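What follows is one structure encoded as structure tokens, with my remarks underneath.
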Amino acid sequence: MSAESRLLVTAAPHVGSTDSTPRIMWTVVATLLPLLAAGTWFFGPGVLLVVAAAVAGAVLPEHFFGRRGALGDGSAAITGLLLGLTLPPGLPLWMAFVGGAFGIAFGKLVFGGLGQNVFNPALVGRAFLQAAFPVAITTWPAATEEWMTLRGDLFATPLMSAAADTVTAATPLGLMKFEGTGTEVLELFFGQTGGSIGETSALLILVCGAYLALKRYLDWRIPVSVFLTTAVFAGALHLLNPEYPGPLFMLFSGGLVLGAIFMATDMVTSPVTTKGAWIFGAGIGFLVVVIRVWGGLAEGVMYAILLMNALVPFINRVTQPRVFGQRPKEDAS
Amino acid sequence: MSDLFWILLSAMVVNNFTLALFLGLCPFMGVSSRVDTALRMGLANVFVLVLTSLSAWTLNTFVLPYAPYLRLISFIVVIASLVQIVEMAVKKLSPALFRQLGIFLPLITTNCAILGLAIFQTNRGYGLFEGLFFAVGAGLGLTLALVLMASIRESTELSDVPEVTRGTGLVLIIAGTLSLAFMGFAGLLSAA
Amino acid sequence: MSAATSPPNAPTNAPENVQARPEVSSWRLVATLALAGALSGLMLVSVHQWTQPAIQAHKAEVLRTAVLEVLGGPETYETLYVIDGALTATVPDGTDVRTLEAVYAGVGPDGALDGFAVPAARPGFQDVVSLIFGYDAATGTLRGMKVLGNKETPGLGDRIEKDTAFTAQFDGTAVPLIGVKPGRGSGADGEIDTITGATISSRTVIVAINEALDRVRPLLDAYVNAREAEAAR
Amino acid sequence: MNTAFLRSFLHGVHPPESKHLTAAKAIRRLPFPDELVLPLSQHAGQPARAIVKPGDRVERGDKIADADGWVSSPVHASAAGTVVDIELQPHSSGSYKTAIRIAVEPHSAQIPRPRVIPDWHGLSGDELIEAVRQGGVVGLGGAAFPTHVKLKPPEGRAIERLVLNGCECEPYLTTDHRTMVEYPERVHLGLRIMMRCLGAKRALIGVENNKPDAIEALRRTKPDDLEVEILGLTVKYPQGAEKMLIKALIDREVPEGGLPLDVGVVVQNVASVATIAEVFETGLPLIERIVTVTGPGIRRPENLIVPVGTRIRHLIDACGGLTDDAAEVVLGGPMMGTALGDLDAPVMKGTTGVVVLTEADVRGRVTHPCIRCGRCLEACPVFLNPQLLGSLAGKGRLDAMGDNHLGLCMVCGCCSYVCPSNIPLSQMFGAAKTDLRRKAQRETLRGDAAGANA
Amino acid sequence: MKATTPSQDLLRGVWRENPVLVQMLGLCPALAVTNTVENSLAMGIATFFVLLGSSLLVALLKRFIPNEIRISAYILIIATFVTIADMGLEALVPDVHKALGAFIALIVVNCMILGRQEAFASKRSVVRSLLDAIGSGTGFVIALFLMGAFREIVGMGSFLGIPLFGDGYEPWVVMILPPGGFLTLGTLLIGLSWFQRRRKEAADGGTAKNGAVQEGSVA
């Protein structure tokens, strides 16, 4: 009876589903890698360095100040990767590192680490970079002749500015906002445009997102709600005044697809209720259009998500589910 | 009209009274731990701000051109007395409303948002309607910041915040992040 | 900040306080406050008297520097107020000049008009951008532009004030102004290169000037004509 | 939306069914053990009161403990033998509880005393209920609630429908399944008797679609005059919970804090119903039951019919013993059953099965912080917010948990099952419910004391 | 109130009961105008002046001010001094006055000042009140200076307008913007709390856990 001597006595339930938090997180990491590969394809090998710097920035503080073994759950790696994918290809590496470190330290560790934070750490890091280095973060180096050539001034000395002589190219949203020129939707869809490392190919992001949604590692309601709201709102504005960009342009330009699929759906910082998820997504879509159309910035996805992150506790509060038997069906019908 | 709207929107989100101008920090830090209280505090603030705007305009138009050095003192005295009177009137006319908002009124009178509004309005030379829109925008901005902060604090109350960061430090970091997020509204309805 | 939130170690009604002081009659309260008010009024008036000249002188100096800078030349200027859709240097009695819109006419050594300095303001990226620009009614060109107040992003938007490469463009440019991306202009007159990364802020300046000119140009022209007619007479 | 194919409730989970181990195995009768342990507390409510003393000789079917109050149930000797002692014995709850220990007569033929079997046709409702009560019948689905209590609704409450629970939604278990397949007539007879007790005109039997042979057997043997409908239900856990079953079958929600009879329904387990039929067929009380001994940690899984009071060890030995990698022995299903620390605990009236899990099956024990994925909300069959409740529990905020409808929680385990961070939500809720109940009791006591003083 | 020695009166406000960093009073100016060292110092000195002046006056006049109207009288006195400071700054250093804007007038509602009157000047001798005002005022200036120095050095790469790192320095613009104010003060407070815990742990023999390392939590 050797088996009997080491019998467990635990409380019910005694079985559990096979999904685990680290597994979810590492799967997300895996689905982000194709985006990184695509970014490398479009912008050259330099982007690998930028993303690596962002990941290092995120992982180091988590390792030294986070829970013991917190790196194992993979969430810091996601933060670093996501941040890296939203950066311009030629950003000095030290800035990418600062962004990752700030995002993890002030977006996550001060709240108590995984699961406790209110704002998406990657976006906190991104917003900090945007506010701290407004020029560098909006400098989009133009394509070079050689794929292997590094773009921008990646190796600027820490704390020092990047060399200023970079040849820049505009993003589709910048062209639309400041020069009133549009870009072909197909180009946007397949990614033949300028922009951040990971946000150019809407098609690839959608495929990766669909895989995660099928595995139920992300809540499909959030991106669907974001896309619907953006399309409807932008479409209505476009109908009223054709000078405003059309819904397809709105959907596939900038970081909307990346943000809606990989950032808005961060479980920790999105609502837990299904009704809440719809509201959350709609809020993001609405704010994105407002900021892009009437705001002073070309891109608003990051801010839209951060603002809605702030609203999440409130959304959760007002969308508590109706409990079983609280209002019997026959009364309602 | 669009100027009035810009004034309202600017005070509410672009240059949010609390998150960009640091006015009304006392209630922001002190009364922001429960959403209900924060909401009522915010609405009471809207009310007092509108009163303030009216009195500041009256003083600026009819009294202060003759004695500009009395500006600060007269603002304080007039606003405090006016709020006191209104408080008594509300208590008498609508005890229900008083229970909801009344307890905050004395707290608000000497709050920096109130005096700040009066002074900003004066410095910018706002007229009556501009002042009113400014006051409503500022009040709504304050309410927005208060409610956001309160709901976030209610949720962090349930998380395992490290002892080192617990308290005002964390509240300030959250406020900083909110302030970062509100930078997204920069340039709203501006030129071009 | 609220009077009611005194620090915890400061009991507002310390018992010894209450016991030490007997009930005070209300007239004494009123009298004390009135006395205190009078005293503080007295103090303020004297400080006011003492500081006011310096404050006024500084304000005038700031304005003078700005006007002379954007007009780039004249030795003096005179202030003109917009009253009933016309410019006039004299104000009816009892009018508060601070409520009136003003433009400043440069006066050359010979007493002839030498351009106008026109203030303008418009919401920018963060807050209202206020500026003054010099305009030559005779040639329809600008003489210069100076930003007086802005809260734009430091190091980016605030280059509209600090970047001489940007501000220098306004000297001698025909109006209306057109903002173009640096290096993308067609070379036409009136084109202003915007600041990369601060398009909104630079455009605010351009639009503010265009708007202000649209509004005051008829007045300026009328004033110039009237003045010429007067001189001819 | 209540189509025959999709008939079910909202939310819930789909744990692997794992019923193939025993689903096709006919019920086998186990030889009598040498010793029986009959706890006085085998049912919900007051424990029974022993009416024998050590040394007494008892025959099979003799009453040895009497019900102590209305919500209580008598206990009968499940084999002939001698009362050895009345003492503390291992109990499935994990603690030791008072039990009557009987040394089984090795050579007895185990034939009960001759008795008059009551003819149910001639009995009134109240007489039937009394007979059920004397038979010691309790719910055999696990909760062991005395059946006679359910058969006597408060005055003036009409029962429109009787619902029979044949879901057996817990993974692994097949006792109800085998009962329905092998004794469908008994189910129908018990049903008929119960409908008479309750005055109900109609009955529904809900069976999950993973037991087509049970549905077929019940339909084949359905008496023509009995107004009963056998309905297949989409497989989902916890369909066997009363409220879920009612929702699935007649699309009504039992009000919060209410009972099924608030929507005109009484729910009974099929095995209990079959037992009632047995009481009136044989005159014997509830002294034996069907137990599924199964799981990957058992060598030869089986469905056994065993005397109540048989030690679990005896069952396990009869099924070939534990495998080397056996990790946890669970009484009842793996979702709501209790883990057994001492294999000497006896089979009780409510013991549906013995499930032996291996290391590979048990829920992981490494917990991670909650990532607010919301899966628990989508799993909770009563639409609670386990994420919020869990955070509140972590901070010890009992009252706030109560305000968030903790009372509705059935501790079904769905939230814990789906939680990717392995947070023991359901476990915390169970503990919190107990704490809340104790607190309420204390307050009532204090209130009573204050009232007495005044 | 506990009896205190004059040196305690003087030193208490400087660090142990620092108005901004410990008592969280006067946060509004501490955040709003500390984007450069110059502004911080100007604000600190103006506040110092108002605190000193009003403490002196309150301590002198405390016998003549009836208890019932003391708050109004204090506010009147404070407002008078603020207006004087406002006009004085405008006359003497107009550029700084422009940078501080409305926040000079807002010194009136700085609860630190009213708090000191209520807690100290209205009950103690003139000399003691002055010592207390000097202490608290210094503490306020120190806190503002710390904030201003950090924000200016990181946000502009300079100290009092003197560049520290040469031309190539990339300024962290965010530090001189509103979020930088919140983040700086928040970081400062967290740093202080960490420092105090370290000291307390050292005093306790180092038995307590490091607060930054949280145990694996449940929910």
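The chains carry the letters A, B, C, D and E, assigned in the order they are written, with residues numbered from 1 in each.
Criterion: a contact is a pair of C-beta atoms (placed from the backbone, for glycine too) under 8 Å apart; a residue touches a chain by one contact, two chains touch by 3 or more.
Fair warning: this is a prediction, and the values are worked out from it, not measured in the lab.
Q: In the touch network of chains, how many steps separate chain B from chain C on the shortest route?
A: The distance in steps between these two chains is 1.
Q: Kindly list the shared contact partners of chain D and chain E, in label order.
A: Expected: A, B.
Q: Pick the chain whose C-alpha centre of mass, unweighted, sits closest to the average of all protein C-alpha coordinates shown.
A: Of all chains shown, the one whose C-alpha centre lies nearest the global C-alpha mean is A.
Q: By mean C-alpha coordinates, which chain is most distant from chain D?
A: C
Q: Out of every possible chain pairing, name the one holding the most C-beta contact pairs.
A: A-D
Q: How big is the gap, in whole Å, between where the Cα atoms of chain C centre and where those of chain E centre?
A: Chain centroid spacing, chain C to chain E, equals 32 Å.
Q: Counting only Cα atoms for the centres, state how far chain C is from chain D in Å.
A: Averaging C-alpha atoms per chain gives centres 84 Å apart.
Q: In whole angstrom, how far does the Cα centroid of chain A sit from the Cα centroid of chain E?
A: Whole-Å distance between the two chain centres: 39.
Q: Taking each chain's centre as its mean C-alpha position, how far apart are chain A and chain C in Å?
A: One centre to the other, that is 43 Å.
Q: Give the residues of chain C touching no fewer than two other chains, as numbers and ranges.
A: Touching at least two other chains: 1-3, 5, 37, 40, 44, 47-48, 125, 153, 155-156, 199-200.
Q: When you check chain D against every other chain, which residues touch at least two of them?
A: Answer for chain D, listing residues that touch two or more other chains: 368-370, 387-388, 391, 394, 424.
Q: What positions in chain A touch 2 or more of the other chains?
A: Chain A, residues with two or more chain partners: 67, 106, 110, 112-113, 115-116, 128, 131, 134, 178, 296, 316.
Q: Which residues, counting only chain A, touch chain B once they are in their complex?
A: 106-107, 109-113, 115-116, 118-119, 124, 127-128, 130-131, 178, 287, 290-291, 294-297, 300, 302-304, 306-307, 309-314, 316-317
Q: So in the complex, the part of chain C that touches chain E is made up of which residues?
A: Its residues touching chain E are 1-3, 5-7, 9-10, 12, 14, 17-18, 21, 24, 28-29, 32-33, 36-37, 40, 43-44, 47-48, 50-52, 54-55, 58, 62, 153-156.
Q: Spell out the residues on chain D that touch chain B in their complex, using ranges where they run on.
A: Residue positions touching the partner: 369, 388, 391-392, 394-395.
Q: Where on chain B does chain D make contact in their complex?
A: Within the complex, chain B touches chain D at residues 157-160.
Q: In their shared complex, at which residues does chain A touch chain E?
A: 65, 67-68, 95, 106, 110, 112-113, 128, 131-134, 136, 156-157, 159-162
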